[in-house]
């Protein structure tokens, strides 16, 4: 991470982690074959953030190499809950969750596409549970 | 708020609210007679963020006049929990909480000064409860 | 200004000044009777940034009270150049300029409305110079 | 780049480029064998930003793959001027410069270490010119 991400306490500022989480969601989806931006452009749907929680355990510092683990903890009819752990050298610094609604660009709630749930849950996907 | 606070969905970006919360804590304390920066400089103590939660109900937009209501919901031996509501024309857009630890600049946990708790709780302050 | 605006050198991060400049433009226009957002909504025109320059002379620190002086140094057919000085207790910390183009939301260049030039230049406005 | 980097005009916000430039400086130095953070920790010197200029030619959009070209255009006794081009698919979107002073953590100006100038200028380094 970068100098701009730090604050006068010489640690990564707490708001910065929401940047990392957001990037992590897009990259998690991409890594699993789902191009978020292409979907947004094509279908006019997106995953705006409805709730965030973050627990800060150990501060990160300038130029640390951070690893962001991301997965989908819960898939509902019209929402996904992403979960994260941020690690440095195997030590857990931060954890968090983001509940994303599935909506149109105008904010109308829609079903999460089954194909996206499959992408998010991988082997744990059970269509009868949705 | 400002254009830089918005994102391509044409609403205030979800991470921006942590900026508002942070500024609100400092101004809440100042309004109640506690100069956070002077305390930090004088005693070397501060209130780093240990946990954040945010619920986004209605998006804010560029140039909206937002009102941030802030109070201390809970005072513990070495932590304070701030709570917030962000309103536009009386409508609640966002709510959140921040748990702040009381620590030295090196991160060692310390008791929250009794005078600070008094400042935070106002009339609800009961020294026997700490 | 706020803690999030600082960096690990314990000064206001250099990118933060572009936030201050942006807010200063909108407030300068509002103070002179031009509601930027209303104009944008009504006419579909705006003032996207084409160039920025910033000179950092003296660093600002957490919780400093900063004063941003803003004026329009130059008005051209389809561009305005804003100029700024940021002061703390009368000392000049930072100066900068922003060249804004006047464009549609799709980025097509348009003439700056004469009324906006009048708002920007005040008594120095000379219609024959445009 | 990420959604948080965009604004309500649905393009990358102009202040975001200073983030890219900053990261590019650190990565340019690292790629040439100079660990900025290790130097800062060891010698207590750094390269704070004294001036920035940015020209915005073509806007970038969410999820664009951007390439940042970085080099040192000028090395002076106590300052380095970095230059940048940001490209998307070979098209130049943005260009900029940053003049960095070489200073102690307290802001006292120091000579740029000769070894750092060599790292920055590569084959163009001519010790007699400094």
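So that you can tell them apart, the chains are marked A, B, C and D in the order they are listed, and the count of residues begins at 1 in each.
To be clear about the criterion, a contact is a pair of C-beta atoms (placed from the backbone, for glycine too) under 8 Å apart; a residue touches a chain by one contact, two chains touch by 3 or more.
What you are looking at is a predicted structure, and each value in this text was computed from that prediction instead of being measured.
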Distance-maximising chain from subunit D - centres being C-alpha averages: B
Copies subunit C and subunit B - interface residue numbers shared by over half, same or different: same
Rounded Å distance between subunit B and subunit C, as computed from the means of their C-alpha atoms: 29
Cα-centroid distance, subunit A relative to subunit C, in whole angstrom: 34
Subunit C-subunit D separation of Cα centroids, rounded to whole Å: 24
Shared-contact residues (touching 2 or more other chains) in subunit D: 3-4, 9, 11, 15, 18-19, 22, 62
Pairwise touch network: line, ring, star, complete, or other: complete
Residues on subunit B engaged by subunit A in the complex (per definition of touch): 9, 14-15, 18-19, 22, 46, 48-56, 59, 105, 107
Residues on subunit B engaged by subunit D in the complex (per definition of touch): 3-4, 6-11, 13, 15, 61-62
Residue numbers on subunit A that touch subunit D, as the complex places them: 2-4, 18-19, 22-23, 26, 36-37, 62-63
